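Would you mind keeping the following structure in view while I ask a few things?
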Amino acid sequence: MQAELVSNKRVGAYHHMSFSVGDLASQALPGNFVAIAVGGEASSMILRRAFAIYRSTEKGPQGGLIELIVAPHGQGSRWLTNLPVNSTVDMVAPLGTHFGIPTEPVRALLVGGGYGSAPLFGLAELLKSRGCRVDMVLGASTANKIYAPLEGKRAVSSLTITTDDGSMGVQGQITDVLPEIITDKEIEIIYSCGPMGMLQAITQVSEQFGVMHQCAVEEAMACGIGVCMTCVLPVTGEDGVTRMLRSCIDGPVMDGSKVIWDSKRKIPEGTFGA
Amino acid sequence: MTFSYATTLGSASLPNPILTASGCAGSGKELSQFFPLTQLGAIVTKSIMIKARSGRATPRMAETPSGMLNSIGLQGPGVDHFLANDIPWLAAQGARTIVSIAGETVEDYAVLARKMRNLPGVVGLEVNISCPNVENRGMVFSCHPETARAAIEAVRRNIGGDLPIIAKLSPDVTDIVAIAKEVAHAGADGVALINTLLGMVIDTNSMAPKLAQKTGGLSGPAIRPVAIRAVYQVHAALPQLPILGMGGITSGRDAFEFILAGARAVSVGTATFGNPTAVIKVKDELEAILVEKGFSSVEQAVGYAHREVLE
Amino acid sequence: MTFSYATTLGSASLPNPILTASGCAGSGKELSQFFPLTQLGAIVTKSIMIKARSGRATPRMAETPSGMLNSIGLQGPGVDHFLANDIPWLAAQGARTIVSIAGETVEDYAVLARKMRNLPGVVGLEVNISCPNVENRGMVFSCHPETARAAIEAVRRNIGGDLPIIAKLSPDVTDIVAIAKEVAHAGADGVALINTLLGMVIDTNSMAPKLAQKTGGLSGPAIRPVAIRAVYQVHAALPQLPILGMGGITSGRDAFEFILAGARAVSVGTATFGNPTAVIKVKDELEAILVEKGFSSVEQAVGYAHREVLE
Amino acid sequence: MQAELVSNKRVGAYHHMSFSVGDLASQALPGNFVAIAVGGEASSMILRRAFAIYRSTEKGPQGGLIELIVAPHGQGSRWLTNLPVNSTVDMVAPLGTHFGIPTEPVRALLVGGGYGSAPLFGLAELLKSRGCRVDMVLGASTANKIYAPLEGKRAVSSLTITTDDGSMGVQGQITDVLPEIITDKEIEIIYSCGPMGMLQAITQVSEQFGVMHQCAVEEAMACGIGVCMTCVLPVTGEDGVTRMLRSCIDGPVMDGSKVIWDSKRKIPEGTFGA
């Protein structure tokens, strides 16, 4: 689909980018992602780049919108963030699994690292509209990598921020503040998005405190639609068997307790077919 | 003028010459959400092995200039699961299926071939011999005439019926024509050219190979000139041998280049990752080009670049 | 910390590891309008043959995705003209010169080697053995162990003195490590990896091969993963053998990838066509990267990607 | 050099594109060309595209300008002609040889095919400023491929146009009208630029009438600076020896009578080193 870039604003270390996507916006749920072709017509970059959906709005002055938070990191994301307004991009959306919404109101904690906060604000609103209490913890290396816009925070009861360098909020890592918040707020479920190391650490905390943990993982993806098998990670199924699952269609949202973390550069013993 | 888009690969008749590439379309389920599989000349499945395989550790992928490396390591649930689940599903779709098989020993190929007899909807067999031979220091079957021959002979002896056997060759050889001759002699009804080139990317941040397995297979437009050369050379040497061409096809123009070089059909692989409907785009564009150029059939255009060109 | 940008290729000491690639910088005159040749680790000349050659007919070039094909066919005025004109000029510039030589017979290599004795400013010899052997059905010397060996032995026996001999290998082989071992055994002091890959482009307008000579050599970023793989494999097998790495280098990052894989120096070829000062850009960028990564010398970084990586 | 695109106008089948290049404009002479990197930062097109300089202006409101006439032909030229004003391109200029200007006033005929007319207008002005009489013939397949702007025609005494389809001027080819013009106007020298087949045909006519012929050839170029040897064509030197010369630095302007035409896909017999 051709999507028109209708706004592109720098926010700290990131770009907040809105695309006009028509009816498609109505199909997007928190946790879904989009895949964008980068570099233009004669690009040497043949693979799409994936971005979590920050917000999707069904209607507005420009029709349906999908908004993203993009970090200008490498060649592809730099090309994207440099696009002038009114450019069109080739976007496949929405892709992947979404965060599961409990049928009963629960006390939820949303934890985001860096641009991983992006999908959590839409999730917060959805949870709140279902009567959940929502607290949030965001962490990053430094202040300008904390993405937490005012309007996004409407739905959360509390927001705790940690930075490695102490330039904003508590100095330290997300996991330093989690135990206290889980206990104080009597958290029942954690939703998270961010670097894999962070998700692994949150899984440990969640298991320690016996709370559920849904996390959106980020593995390098070639196709985004389940055909290439590049984006896999070992996940233990209902049957107790660990399989290499595709994070693009069996994820990105997964049950943190089922993921075998620390599996980079090795296949965990006992994995099906290993 | 009436135009016929049909083609053949050995005894397989296909309504059009556009196929998926093995490993780039799973077993069809995911792509069927984007278009009916009957639109394809045939779907070529990912390579099936005897036993379930977890594949290689991640990272399995690195993007490269106009290409990518992969080291999936043939992840899959094994042939029996495939026969019980995927084949009936594909048949129910009305898809024409070319099953790709891969082994670690000559005996593996024999066993797999026996299991491929009389399957519904299956119109051909692609034999991926670009796999490490565990009985011979992990040397790739298709890199040496003797092992290439042994694998194809094992399939020929065990397949029965007239299912065409297409031997898929690796370009990482000194003389691909010699390998093509060998497999044709061993009973292959055609060759698939080319599999990926062995490559490596080093991550300059971590200062270590990007892929967990260090090396991977290079695919995409970057390798197209190598693929075209291989198709042209093999067609020149063995004009009667059907060729399934592949390597970096993203447009009808690219597919046409392969047909002109001598391919009777083509597979679209990596392009699907950038565009889930790439194979349909290629199909529509190639048809338009063939018609515009005045060909009345695919057949007419096969190997057309080999004619003597008068300047 | 002091940083040393110097490197060695056998007995040749170079102030930095950035060289031109043979055939991509002529004999230096044109590039000297853009920067002083003394800035280079060394200039590698286009391959010199015994007699004058007109080269191949045109078209000699086709652009490909992230790469290009060429079939120049070693156009040049012959070795005597080169010795009379280019060598004195290069010496007058103060350039360090590595002369690339190419032959059609083993005897050619012997004759050329004898002519390379005691030339001013010449610090090494690159022996381009990716050439067709007219005495053996045009088979490329470096594609077969025996002919690769014969060509290098002819040079070794005739060169005299301690000018390092660097054998330049073709990637179009089943086992590049085997060829590298062979030439090392035959007396090469190092290997240059890689020459171009054999490729072809068919012009879909004229429906004929784009190049007059049909096939050509593929170079540029498209082939970098193949080159990195070759360098890594050869360095793993022969850690003491100096490697001059090349294939698609356009930036300091790319050059660093080759150094990490095991190259002691690198050549910049095709990138010069897009940017006449590419080689200076690569030089400046690589130095900055090495310093930033905390290496105190090039030597330290050579083959660094081979260390055991603790996860 | 980074050159800013200051104007980009469609004119018939072509785009007239002006680039701000500063002092460099003063070094450009009629016949010189520029080489532009195409496709952007992450381009899969690794080679520059060459364009004849249509006009160079030393000063103006935007400083020195170099103007080009670009046919949107393939991927690279389409990228270029689609650029919005104020974009910057990476340009190497000026390159190649230029048309030789006679020391005495002469009667000159300028012959251009398609966008090959581009370098002839600047040449016409220069010749006229040296007291030459300048006539011009332009040919193309059809009317919208004739590039002949009003302001460019100021310097010419007569302009004859031919088109294959007769949609403008005389129906036919340039060579149909040349003999008459050469005779009538007592032409002493022909300057030409256009497709190789046309240059070859003009060479025949010029030899027949014994007039000099300087032509700007167009061979596929990889480097544009003389190092790659892709752009060669056989040219007979003063010494009577035919050599494969580089059209990028020994050309593009060459003496038509010295070029061995019809040498595509073959090396002429007797060429040095053949």
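Each chain gets a letter, A, B, C and D, in the order it is written, and its residues are counted from 1.
One rule holds for everything that comes next: a contact is a pair of C-beta atoms (placed from the backbone, for glycine too) under 8 Å apart; a residue touches a chain by one contact, two chains touch by 3 or more.
Predicted model only: the values in this text are computed from it and were never measured.
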Any chain in contact with chain C as well as chain D: A, B
Mean-CA-position distance for chain B and chain A (Å): 36
Whole-Å gap between the CA centroids of chain B and chain C: 34
CA centroid of chain B to CA centroid of chain D, Å: 46
Chain B, residues touching no fewer than two other chains: 65-67, 220-221, 309
Residue numbers of chain A (touch at least two other chains): 44-45, 264-266
Overall pattern in which the protein chains touch one another (line/ring/star/complete/other): complete
Contact set on chain A toward chain C in their complex: 44, 264-266
For the chain D and chain A complex, residues of the former touching the latter: 38-45, 75-76, 79
Complex contacts: residues of chain B adjacent to chain C: 62, 64-67, 69, 143-144, 172-174, 197-202, 204, 206-209, 214-215, 218, 220-226, 228-229, 232, 248, 253, 256-257, 260-261, 289, 293, 304-305, 307, 309
Residues of chain D touching chain C in the complex: 37, 44-48, 92, 219-220, 222-234, 243-244, 249, 263-267, 271-274
Residues of chain C that touch chain A when the two form their complex: 65-66, 221, 309, 311
